[in-house]
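Here you go, one structure.
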Amino acid sequence: MNSFGRIFRISIFGESHGECAGITIDGCPAGLSLAAEDLLPDLERRKGGIQKGTTPRQEEDYPIFMSGVFNGKTTGFPVTILFENKNIRSEDYNKQRSIPRPGHADWVASQKFGGNEDYRGGGHFSARLTTGIVAAGVIAKKLMKDVSIQADVTEIGGEKDLEKGLQKAIDARDSVGGIVECRVKGLPVGLGEPYFDSLESVLSHFLFAIPAVKGVEFGSGFAAARMFGSLHNDAIENKEGKTRTNHAGGIVGGISNGNELVFRLAVKPTSSTPKEQNSLNWDTGKTENFSIKGRHDLCVALRAPVIVEAVTAIVIADFMLLEQKIKRVL
Amino acid sequence: MNSFGRIFRISIFGESHGECAGITIDGCPAGLSLAAEDLLPDLERRKGGIQKGTTPRQEEDYPIFMSGVFNGKTTGFPVTILFENKNIRSEDYNKQRSIPRPGHADWVASQKFGGNEDYRGGGHFSARLTTGIVAAGVIAKKLMKDVSIQADVTEIGGEKDLEKGLQKAIDARDSVGGIVECRVKGLPVGLGEPYFDSLESVLSHFLFAIPAVKGVEFGSGFAAARMFGSLHNDAIENKEGKTRTNHAGGIVGGISNGNELVFRLAVKPTSSTPKEQNSLNWDTGKTENFSIKGRHDLCVALRAPVIVEAVTAIVIADFMLLEQKIKRVL
Amino acid sequence: MNSFGRIFRISIFGESHGECAGITIDGCPAGLSLAAEDLLPDLERRKGGIQKGTTPRQEEDYPIFMSGVFNGKTTGFPVTILFENKNIRSEDYNKQRSIPRPGHADWVASQKFGGNEDYRGGGHFSARLTTGIVAAGVIAKKLMKDVSIQADVTEIGGEKDLEKGLQKAIDARDSVGGIVECRVKGLPVGLGEPYFDSLESVLSHFLFAIPAVKGVEFGSGFAAARMFGSLHNDAIENKEGKTRTNHAGGIVGGISNGNELVFRLAVKPTSSTPKEQNSLNWDTGKTENFSIKGRHDLCVALRAPVIVEAVTAIVIADFMLLEQKIKRVL
Amino acid sequence: MNSFGRIFRISIFGESHGECAGITIDGCPAGLSLAAEDLLPDLERRKGGIQKGTTPRQEEDYPIFMSGVFNGKTTGFPVTILFENKNIRSEDYNKQRSIPRPGHADWVASQKFGGNEDYRGGGHFSARLTTGIVAAGVIAKKLMKDVSIQADVTEIGGEKDLEKGLQKAIDARDSVGGIVECRVKGLPVGLGEPYFDSLESVLSHFLFAIPAVKGVEFGSGFAAARMFGSLHNDAIENKEGKTRTNHAGGIVGGISNGNELVFRLAVKPTSSTPKEQNSLNWDTGKTENFSIKGRHDLCVALRAPVIVEAVTAIVIADFMLLEQKIKRVL
């Protein structure tokens, strides 16, 4: 299933080197003003080639609205947005075909889809698909006036000084991972439920859908496992539910408690490292040394914040529609 | 939504101090031999009062089959299992009602459900509901002959020596958290998809539904964020996809790669600590000191492994049905 | 999938001659006052043995609340209701086992479930399962103050005089079918969508789930196929959308238009006719004459109205929650 | 929700006079050979302007694959297909805007979506959206080698002689409705379940999603309501489940029984009749006489068979995937 969400429901399609990456957003309330320009700032943040450490491939990333917008407003019907693929050098990838790239999905995809998968640039696995998610994220953000979402890289290659972490990668001619932290202010009390619809469950579901994410923690997260209960418990201070500390990260019993929502993600180092590797050659059946060609990010975590914000906004908008805190027609 | 799964689909209901905790398992293949006795060993593992550090409340936890089993086999129709609540001392909880317990859902539940929630013993939020999940987990395990799942507590209160960690809690008259690790052997290649149906996404969704879980990581997880890509990448060694290392924890591109599936969870310290706390009194509108009454676990992580195994088995069984690796009639 | 609905979501379980028939209602708003007594009148209407032409089997049909109700009100968590099976004579059915009963699911069930199905009294196929649906229907009706739903049998055995139709069956010692019509007043404008979420689509989905229903039509239905467009079109008379005629049955473009919702169902004659039949004997592989034993309705359509009302109420409540016309907490 | 299906899952988007009509097919098995040419014959059948009685508007209706196909085969990822809108005369529709057209969704859409809907040519309500459904239907048909589906118009304007029925409409300068019958041969035993996943339920859900459908009946349908049980019951003749008669239309207990699947639909007369009508003018608040402009079908039922076949194929393919009768990789 390439769909996610219950009322505000997104479906992604497309490939890295096919015609396009695309997204359909179903269940978006009618009457939201929406133009391509609204999406550009966040799409720009997602784009590579700007920051040191990100790939020089630069798609134009201009969103083309195919449906669901009329006279500058959403109609209440599915909004489909396409991002055409223009700047493609597939030959870079074809060369690698005989060696399934470690850390990439080449080998599993081939096994699962019987060799029918579009392997060029990762095909449907590619982070290119996150353009649509970022677009949907902007729409979700526009639905929520009082909620502010901010994600940041807080660590690269083990360094809190990001410049230093990146330089470490450049010096080592290797890729590095990073930590992204997201904070949400202004969340209403009451989003989520215990068990399967817990805010943690639904958020983590989508967060782990972001390529390269290998860990998610809320509030104190893994550190909580090392605390005493009396320390970890967030004492409630007033009738509005303000807590003295926020070790829970704003979620108790799966439900937002009105305090700041805080969570962190572990982003693994880019699988396409410039460093020489040794792995299986499909044709020979033996391992061999090789180097990854193509244009890649040294640290994909650098591109992650805007995607994490989008994911968060989409999940929150969906819960707010369910809880009738966003209207169906604006 | 108190339901989870796509083909093998579970729905939970019940409360801690109501009539029962229960579960309905829809989509279970017909023809699986199933008796209450099959469920008892794992239910026993989940039960409190056995290990040092777990609550002395002991429900009989005997599963009553209400539907879906005939002549000792599943029929292909919904299997509903009840666990009656017998050993209840609600008065313990009523005393606490004026003070929403920190770390518990008392305050958010009251806000969200307008005071209509069954607050006794946590009501529907209670870990009592995990009895049904453990039962469904046994059924899922029985569907998979070649897959073995094992979860263990690897750390309590920051100590890898579990006895020591627990003693720390006892000495401090406080509760502690812990780390649970799960390893799955024999998983077929090809479960999961990139993006929303990634194995990490679906697993984490359910793992975060377990009460008290605040962090989930796959393979190297958060440590991956501090590695170089050349180190983190798992080189493929042979045509069966065996990798030299397993930093990915058995999942690449959201898909199982045939290597061991490995993940860890952070379990927060039990919110019901024996220690005196200071928090809001609803009636007075002011904070005050108080102590939690009732019977509680010093470390809920101790009970988590069998639940984590159940969750894992349920998710895997569902994926295997989708991928036609388990038949619809056995 | 034995579940239906998007926000107000029901799941059924149980068998005719097992422990119980049951239902779980998830997504029911919190704060609805609810007692077993509320359900009794509609359950009474569903029950056999009262009207001429319905089976003398009389379960007590008393609803047992297992979860989701506290202090006389719904909590916002799943409401599970059981109907215990008490008045069972399975031996009646065992005798028939070697001959799959024509019109019944005996043959297909055996093929599909490999002989594991509970065949006693139809097992999970039995109309006994509609007790839960009727119970959920009462809850749905209670959620909607201004909507009134009424279903009636308008024809039995081809006769509009129902007494006459039934007598026809009694005289012929045979079962007969019937037509049920349902009318809903007070429906708000705007429920449903074009295409898959059309009000007709969702209603018909559930209506065809009622055992024995073989046809559904809205408004003029099949008669519309024989009309001219100028006659069929319902002219709009005022800004409230009141139409001069109501050939559309209150739904245009899949959406309720505020006029009366009108639809009809064709209910096939009871498969368990008292008349001698000729069909396959599984053991001999040859056809033979036989008679159905057991207690059965001459005309199941007589029991259908209250079920049709329940189905309609459930569908409407779900759409009203989606359209935020019913609150999540009352 | 503009999505339908459980494993083979389609999502539609687009508008009559916007950029395109489109569809995304998720869950299509990998390895199916697929080219635009495969789709053309059925798309041609759907197209207007060929038969007497259908609209002269002729879109090129050429399918553009945007994703999910690589090297002439499906990849296992979402297949998105666009149909660009080229031949548009929106001014025809703008003229009518002050009078919500009777039988059309103009009035309800405006109420539901607050005037934000794209009203041109019916917008998202338009039968233009069925191009995508027909395309998905072809794909579904290609997945099933042994199943043959054929739908035909069996009645127009009350006449079984179709030429005569159409002439009736032309003579009256009015539109007419019709009956479509669909027959499916080669269906495996065991598709569907009792209650919500009954074959009738799922088929009718989708059939009523087709614009203008107001009635659906299976087998003898409404006529069954007038039969005796002994007549209606289909006696089983042999161990393969062949029945002597087929009043059930191939479905018993919600499950296909291996006999021919037979059902009929009532299609209402085209709402856009050439005849003068009298209805509300939004601007004046009073009713007035007016005539519909634009190019329209005299009898939309004529275009329905290929759509009905597509719907049927999609539903069957989905059930066959669920029942593991179609593989996930071909």
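All chains are identified by letter, namely A, B, C and D, in their written order; residue positions are counted from 1 within each chain.
By our rule, a residue touches a chain if its C-beta (ideal position, glycine included) is under 8 Å from a C-beta of that chain, and two chains touch if they have at least 3 such contacts.
All figures in this text were calculated on a predicted structure; none of them were measured in a lab.
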item: Touching chain A and also chain B, the following chains; value: C, D
item: Same-interface partner of A-B, chosen from the options B-C, B-D or C-D, over half of the pairs matching; value: C-D
item: Chain whose average C-alpha position is farthest from chain A's own; value: C
item: Centroid distance [mean C-alpha coordinates] between chain C and chain A, Å; value: 44
item: Distance from chain D to chain A - Cα centre to Cα centre, in angstrom; value: 37
item: Chain centre separation (chain C, chain D; CA means) in Å; value: 26
item: Of all residues in chain A, the ones touching two or more other chains; value: 1-3, 6, 12, 112, 124
item: Pairwise touch network: line, ring, star, complete, or other; value: complete
item: Contact set on chain A toward chain D in their complex; value: 1-3, 9, 11-15, 18-20, 22, 24, 26-27, 30-31, 65-68, 70-71, 73-80, 82, 112-114, 116-118, 123-124, 329-330
item: Of all residues in chain D, those that touch chain C in their complex; value: 1-4, 6, 12, 100, 102-105, 107-109, 111-112, 124-125, 129, 155, 157-158, 169, 172, 174-179, 189-190, 193-198, 200-202, 204-209, 211, 213-239, 241, 243, 247-249, 252-257, 266-273, 275, 277-280, 282, 285, 287, 301
item: Chain C-touching residues of chain A, taken from the complex the two chains share; value: 6-7, 322-324, 327-328
